[in-house]
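Order as written gives the chain letters A, B and C; numbering starts at 1 within each chain.
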Amino acid sequence: MELIKIIDLHASIGEKEVIKGVNLTVNRNEIHAIMGPNGAGKTTLINVIMGNPKYRVTSGEILFEGKSILNLSVDERARLGIFQSFQYPEEISGVTFMNFLRLAYEKMHPDQKMSVLEFGDMMVKIADSLKMDHNFLKRYVNLGFSGGERKKSEILQLSALNPKIALLDETDSGLDIDALKIVSEGINNASKNGMAVVLVTHYKRILDYVKPKFVHIFIDGRIVKTGGIELAEELERNGYEEVRI
Amino acid sequence: MDMFTRVEPKRQSFTVKEDYGWEDIQNKDGSLYDLLSDYLSYDFPLWKRLEFSDFKKYPIKKYSGNFLRNGNLLLTQDAMKTELRDFTTGKFAGVDPKFVMMALIFFNSGVFGKIDKNERINLDYDLKDNKVVIENSGLILEEDSSVIMIRSYRGEGKLLNSASKYLLRAGSKLKIFNVIISPKTDLVISSSLYNLEENASLEVYDVIFGGEKTAIDHTANLNGDFSRATFKTVYFARGKERMDLRNSLNHFGRSTYGRIETNGSLSDEGYSVVRGNIEIKSTAVGADSEERSNTISLSKKARADSIPSLYVDNNDVIAKHGASIGNIDEDKLYYLMSRGLDERSAIRLIVSGIFEPIINEIPPDNSNLKEEIENAISVRI
Amino acid sequence: MTNNALSKTEPGLNRRIIEEISESKNEPLWMKDIRMKSLEYFLNRPNPNFGVDISALDLNSIVNYVKPGAQNERSWEDVPEDIRENFEKLGIPQAEREALAGVGAQYDSEMVYHNMKESLKKLGVIFLEMGTAVREYPDLVKKYFMHLIPPNDHKFAALHGAVWSGGTFIYVPPNVNVPMPIQSYYLMGSPGMGQFEHTLIVVDKGSKLEFIEGCSGQNYSVSNLHAGAVEIYVEEGATVKFSTIENWAKNTYNLNTKRASVDKDGTIIWISGTMGSAKTMLYPSSILKGKGARAEYTTITYAGPGQHLDTGTKVFHFAPYTSSKVDSRSISFGGGYAFYRGLVRVSESAIHSKSSVDCSALMVDNVSKSDTLPIIEVMNNQSEIGHEAYVGKINEDQIYYLMSRGLTEDDAKALIVRGFLDPFIKQLPFEYAVEFNRIIDMHFNSKIG
């Protein structure tokens, strides 16, 4: 089933075009990797799908479950089930993770009534699976987190909010191998119940743990080549220059 | 929209037995007559923190010697005969309107000019021989011009009162150094006003070893979009010297940038008041303004006041300030002494460190001035 | 006192009105003298030369004394229903049962309820309506009353001295730890009146007290005036935590004075929230007079449409090894105007003192105003004094981040504002914190709950 369909998408920041005609279809359950050099616009693509007001879509279409989402605000897209993980998540002083997540969960799943205790139990379980200290839930959102903690906190939010598609931005960068395994497991677990994943990454490393069905090479604002996992391997051997043609 | 009024203390003043009058004007000119009656209608400002409550009328004489060392400028009395005339008599608030008007009327020195290219200006005022120096100066920087001005006031005198104003047209750049080394001078007053058009850029560096009572005011109006102003002041007060140093930034234009940095040191019963005012008007969308001050107090009896203010009418801004007042950093002192320096040398080194960044900025062909600043630090510690 | 019953004074102020108030309270002569002297100061003093514009406040039309239709009772059942209802709505009787050691409740110019747990009485704690304390403990009261805030301090301290009525007196004897907070609540129910309650707290050596003060009122089209006075004496080694929520109605001029003197090794903790009133001038002051005395502040000012709130903190370091720490925050929105005015003065003798002041101001929109003026005066070189301030808007990236998790923009803003105010909110008693969050939600059209 078609979850998200991007058709000839163009987007600009200010006067500058940064997304230059992207076509991409992601079905339920599928894992897609988007690979490309720094500054190619991978993160921008995620922001545009999510509806970051810094970027302006100039032409093209994004359909989610068959309907255009271009006129929806970021929170409306989130409530449809689109999740963006951030490379550098914001620090928000004075707001505990627990309160924040409970609120977000209620917004995403208004029909599921959970008591504070039940929700707390669920969070503790997720935190355990990510080998995170429970105290983390009492801490302020991302405040003073280490690089690894930030990545885990993003995956914890992913697991808790249970979206239909996850747009993951460089989730592997800066993680040691143990942390990488834990985070990958988190992603894999979340995708078991049908969640699709778009994984933006610079390196192949994480693809040893999260297996994509498709690999897209993204250069200068567009997808230049699509293939299977073998494309990532080719990339590792030859670099982006070779793939360009 | 409901507009609120901020209530502020009124100006306090005192009267003197003897004030300057028509006979004290060095360059008598009919246009000064109205200004004089305005001047006489004002009493002197009463300054609590400076303990300024009495003004001694020292005789004003013709300036002896030559203060203009370098630069294509007119002496103020000559400029008054040109199209610059209205500019020479233009009033502003400065330290206090009374003192600004005094300078405009009774000046015995000063220069005016319109600059349309790159210019280097050197002004050296001698307080030792002249005792009373009253300066009225002003510059108009035409579009895209660039000026470096080095101005010094040196020696033991009685009174220094300077008023100067600067119009920075679009894209012009002004870099100005003011060095005041005027020990035992009764009263040292300096007022400067800067009006900046779009993309104009201003850097002001003040080195102040003041008189017995010193009051300095620099006010920049960032009128044009993208205009920038930086004030950097370093000072030292010793004995019973009191100084009141004020830097003000008024942001009117969009994306204007301002910095105020005031660092100094105190010994004996020295007393410094460091004021920094940042006003960001509702039109100044995207303004970025910050103020810092740091005072190292070397003596138990020294006193340091810090009065920073932020007035913000617009939420699309960055506005910050920070201040610290304390003794010399014990760890730094220990470190230097562990390398063999005696305590006095170590302190001198640390205090020199406050001045160093500004001395470094002074163009290299002013080695005398640099040396004099270094000496001034040495004799004070 | 029934034979001298006074229900309400005529508007304005003169000697006869003061005499009436004093006589109706059966006061000793010395208190009447204070009132008379205060009246003189008041008539001779100009308005403050800083702060908010009060030129529109007509002091001659303010009714300075309004007696509620009730006596000072020790049981809520005896408080008339219409007045009791107001306090029920605020959750005061319930909070008293659950978490408070004592409660006072003032309506207009007099206390209508005052009660304390028996166990505290046995420890020698005195908790009385201020007027009653004047009659029952004249020597103790006389020793402290308006010594920290002398009537000639400023115009509204003088007004307070002349017409004060109601308020709370607390004395905690040495080495008593009052286990639960004591709370007084002040309600203004009549239009065009002035409320002038006096709070006098003396906490003796080594003792501990937490006091909570709540203030609110009904909104009228005419101006109301609040000019209370709080005097706190923290003796050697004692600790006092004084929490306030001032949520006066939007027609109120709140010109209030609060001061604490702190002796050797004592601590004063101010938790202060100013959110109501049309105009406020309030600067809780700490006079650190004993070696090692400490002051801590967590304050917020919350200025919305039609509000000009000029608030701040003042700390006087008069002894060695004293320390102060200020965390002051403000929010301005909808055209509101928040002004922080601070003073830290470190005297020559206050060597080895420390002070840090942090001010931050969040401006929610482009029509509001936020000003900061923190003055530091340091008269010795063996102290460490620092100050930081920041003014800015809500970070757009934070809003985006929260919205990407499904929160609406309004909810995201409300959550960020709550987070910004968290250091204050988490210090509040539960019912106040809930109320506070509710107010933030309301202002930001949020339904976070």
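The definition used in the following text is that a contact is a pair of C-beta atoms (placed from the backbone, for glycine too) under 8 Å apart; a residue touches a chain by one contact, two chains touch by 3 or more.
Just so it is clear, the structure is predicted and the values come from calculations on it, not from any experiment.
Colleague: Touch graph across the chains, line, ring, star, complete or other?
Modeller: Here the contact pattern is a line, an open path with two ends.
Colleague: Hey, which chain is the most central one here, using CA centres?
Modeller: Nearest to the common C-alpha centre lies chain C.
Colleague: Looking at contacts between chains, which pair has the highest count of C-beta pairs?
Modeller: Ranked by contacting C-beta pairs, first place goes to B-C.
Colleague: Where the CA atoms of chain A average out and where those of chain C average out, how many Å apart are those spots?
Modeller: Chain A and chain C have C-alpha centres separated by 49 Å.
Colleague: As a quick test, compute the distance in whole Å between the mean CA positions of chain B and chain C.
Modeller: 42
Colleague: Centre to centre, by mean C-alpha position, how many angstrom separate chain A and chain B?
Modeller: 55
Colleague: Residue numbers in chain C touching 2 or more other chains?
Modeller: There are none in chain C.
Colleague: Could you list, by residue number, the parts of chain C that touch chain B in their complex?
Modeller: Going through chain C, the ones touching chain B are 47-54, 305-306, 308, 335, 337, 339, 348, 351, 361, 363-393.
Colleague: Considering only the defined contacts, which chain C positions touch chain A in the complex?
Modeller: The contact residues of chain C facing chain A are 395, 397-398, 400-409, 411-412, 415-416, 418-423, 448.
Colleague: Hey, which residues of chain B end up touching chain C in the complex?
Modeller: 1-2, 4-10, 266, 282, 295, 297-327
Colleague: Going by the contact rule at the top, pick out the chain A residues touching chain C in the complex.
Modeller: Touching chain C: residues 50, 52-53, 73-75, 78-79, 83-84, 86, 89-90, 92-95, 100, 103-104, 107-108, 140-141, 157, 161 of chain A.
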